[in-house]
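Shared between the two complexes below is chain A, which pairs with chain B and chain C, respectively.
Now for the complex of A and B:
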């Protein structure tokens, strides 16, 4: 077996072993049955919840918020990144603040937005957007900074207008970094939306987890957690695979 | 050049004032039912609970961070040295890093109980991943020749770590620790919001329940200041360790 295959086989072996443990430990009664549910019951319960439509509304709400916040982050983050790249002084003024931005516990702001906008999608989308947008801004600046000078010289010697310089040289050359920004933004958006819903909301998959927990519906809680984990891991692996395929490098 | 430097320094010093002014103006526009003014928020930070909460939150964050740092460093270096296991587990750690961890909080609550245990564990769970991932990647970059020299000098594992690995990964490790501390603080605050009778997270939830706007804004502002100050100190240390290189991190 080649090393790559051995690595993959071992990884899957470990993952399967972990899943098997989640199945076996509660079945053997090693933990309190209200603490952990066997994996097969989580899957079955998730299937039931999906089939009878209990989760449909929550999933719809969560996905809508994720798409809205993600789209908003792209639409605002790209222009802000380009502007910051052009405005050297502004960028240097903001740099220490941008570097510390992700140190701020953003979820503390969530109650403030609930107080202003009321319970609903709005505060959720704002939190998720605020967390995702800065990753796009930073990666856009980094990407545009990293454009090889040779490409810029080619553009100059072709006497491209500054608009064309941007659309034909700078932007395409910066896309690998910008894609990394999108990838980060995607996982930040998902975390932002689901975590906010969990903290306080009236709908959404994150809300459903907390709601089930508070009502001792442990099976429902684990079913929803399972759905969230599968979704987050699938999205992340999908974007990572896409990035490798497009740009042939590891994020 | 010096004129530009002055502009930048003045600009950087002005940012907090600009934010404060924006806060004041939005409070005046929105009214004190929605947004408390900075003065009211500051006045609401009552000596009765403020220092107790500060102590509780910082203690939990500090303990969680120490465990995350020690465990993350140990696991990261081990995985970095054993290339096979590093390759096996890297995607797994990246996946766990990118999931919405908040939804797993009920599990922490079940295992560690209400109070200090679960919030420390939850903070640690948030903080360990950047430390582990960065330590692993930095250890892989350690010069192979240096490791061979260590082996031919028959250095013990501890000596090899102290004399060869640690000095080499130190600058990157500081980045990991900085990111790790921010996330630990976030994890602790979230833990306090759901299951604690002490700390800023708990006080924040209390203030939400009572619709005590000044206190909410006071707590959030305090958290932002703490996160910013700690991060700025760690960032300064990091930059001193790695030389005058530009430090723009998207995470």
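Now for the complex of A and C:
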């Protein structure tokens, strides 16, 4: 077996071992059965919840919030990033705030958002957007900054207009970085939506986890957590595959 | 004349990069500029290419010069053929025509079969051929080359130099070529302009008597060795001055 294959086999082995532990530990009675249910029961419970439609509304609400917050982060983050890259002085002023942005526990402001926007999807979307957008802004600035000067010179030697310089040289050169911003933003959006639903909401998968926990419906709680995990992993793998397809041959 | 430069000077802040350079390049001529590092060769080229403004002097150049840079300049997000067709695309040449012309040029620079590869899938020498093809396909009246083989190893340099010599004979392109390699200059040029250390000014112009067309075997010609020695004698003192200047900084 080659080195790469051994690494891959071990990686999958770790996942399987972890899943097996979750199955075995509760069955052997090593933990309190109220604290952890075996994996097979989580899967079965999730299946039941999906089949009888209990989760449908929650899933719809959560997906809508994620898509809305993610789309909002992209359409605001990109132009903001480009603007910040162009406005040298503004950027110097904002630099320390941007670099320390992710040190702020933004969820502390969630009650404020609820007070402003009411208890619905709005505060959830706003907080998820606020958490995701800065990643796109930062990666856009980084990507545009990293464009090799020689590529810009090629454009200038062809006397390209500023618009074409941007659309044909700066932007395509920066897209691998910007895509990294999208990937980060996707994760932050999911976390933002689920976490704020968990804290305070009237609907959503995150809310369902919290509600089940408060009502000692441990199997329901784990079923929903499992669903969130599967969704997050699938989203991330999908984006990674897309990245490889788009930029894999560009080095 | 395809290019006429008169009394050109360039100062960056309080650093005088180029001082009073006058130079003319005729159609079909291949002129090399050699000089110690930091002598303003690249500055001179960027002024001629319209990338920076001179402080003083006059430039008269026909058409839009094509430029080949020392640094890797193939666009990593475009395939070889898309790279080569870039300039044509920007000047509004139709898709069918620009692809045909790009393919022909790719063939000419010896990259046939690599049209649909991305630059990262090629070697450094091949990527530089992409940049050369992208410039040649525009059929500029004059091509400016700023140490295009500077980042490559010695053997690749000689081979690419020989290729360039062949391409030049095939297209009769007018070239202003910057290099610090005498071998390259003697292999390729009709005239060699020797520059002084900073502020860069023309020390002497050497006419290359070696018969054309030339290939890389010319490096073993005794006349080649004599000319190379002559160039070094001219440059030695300037290189020492440039080095002393660097230490003094």
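We adopt the following convention: the second predicted complex is superposed on the first by the 246 of 251 C-alpha atoms of A that agree within 3 Å, B and C clash if a C-alpha of one lies under 4 Å from a C-alpha of the other, contacts with A are read in each partner's own complex, and residues count from 1 in each chain.
Here is the rule we use: a contact is a pair of C-beta atoms (placed from the backbone, for glycine too) under 8 Å apart; a residue touches a chain by one contact, two chains touch by 3 or more.
None of the values given here were measured: they were computed from a predicted structure.
Participant: Determine, for the superposed arrangement built on chain A, whether chain B and chain C clash or fit.
Facilitator: The answer is fit.
Participant: With the two structures laid over each other on chain A, which partner does A:69 touch: chain B (first), chain C (second), both, or neither?
Facilitator: neither
Participant: Counting residues of chain A touched by each partner, does chain B or chain C come out ahead?
Facilitator: If we count touched residues of chain A for both partners, the winner is B.
Participant: Pick one for A:175: touches chain B only (first), chain C only (second), both, or neither.
Facilitator: Once the two structures are laid over each other on A, A:175 reaches chain C alone.
Participant: On the A-aligned overlay, A:209 touches which partner chain: chain B = first, chain C = second, or both, or neither?
Facilitator: It touches chain B, and chain C stays clear.
Participant: Looking at the overlay, what does A:159 touch: chain B (first), chain C (second), both, or neither?
Facilitator: second
Participant: Which partner chains sit in contact with A:97 here, chain B, chain C, both or neither? Use first/second/both/neither.
Facilitator: A:97 contacts chain B only, not chain C.
Participant: Per the contact definition in the header, classify A:232: touching chain B only (first), chain C only (second), both, or neither.
Facilitator: first
Participant: Answer with first, second, both or neither: which of chain B and chain C does A:130 touch in the superposed model?
Facilitator: So A:130 meets neither chain B nor chain C here.
Participant: So after the superposition, what angle do chain B and chain C open up at chain A's Cα centre, nearest 10 degrees?
Facilitator: Once the two structures are overlaid, it is 90 degrees.
Participant: Once the two complexes are aligned on their shared chain, state how close chain B comes to chain C by Cα atoms, in whole Å.
Facilitator: In this superposition, no C-alpha atom of chain B lies closer than 13 Å to one of chain C.
Participant: Using the superposition described at the top, list the residues of chain A that contact chain B and also contact chain C.
Facilitator: In chain A, nothing is touched by chain B and also by chain C.
Participant: Which of the residues in chain A come into contact with chain C in the complex?
Facilitator: Its residues touching chain C are 148, 150-151, 153-154, 156-160, 164, 168-169, 172-173, 175, 247, 249-251.
Participant: What part of chain B is in contact with chain A in the complex they form?
Facilitator: These residues of chain B touch chain A: 4, 7-8, 11-12, 15, 30, 34-35, 84, 87-89, 91-92, 94-95, 98-107, 110-111, 178-179, 181-182, 185-186, 189-190, 193, 200, 204, 207-208, 211, 213, 216-217, 219-220, 223-224, 227-228, 230-232, 235, 247-251.
Participant: Residue numbers of chain C touching chain A in their complex, please.
Facilitator: Those in contact with chain A are residues 46, 49-51, 64-67, 69, 71-73, 75-77, 86-87, 90-91, 118-121, 134.
Participant: Show me the residue ranges of chain A that touch chain B in the complex, using the header's touch definition.
Facilitator: Touching chain B: residues 3, 6-7, 10-11, 14-15, 32, 35-36, 89-90, 92-100, 102-109, 111-112, 114-116, 134-135, 138-139, 141-142, 180-181, 184, 187, 190-191, 194-195, 198-200, 206, 209-210, 213, 221, 224-225, 228-229, 232-233, 236-237, 240 of chain A.
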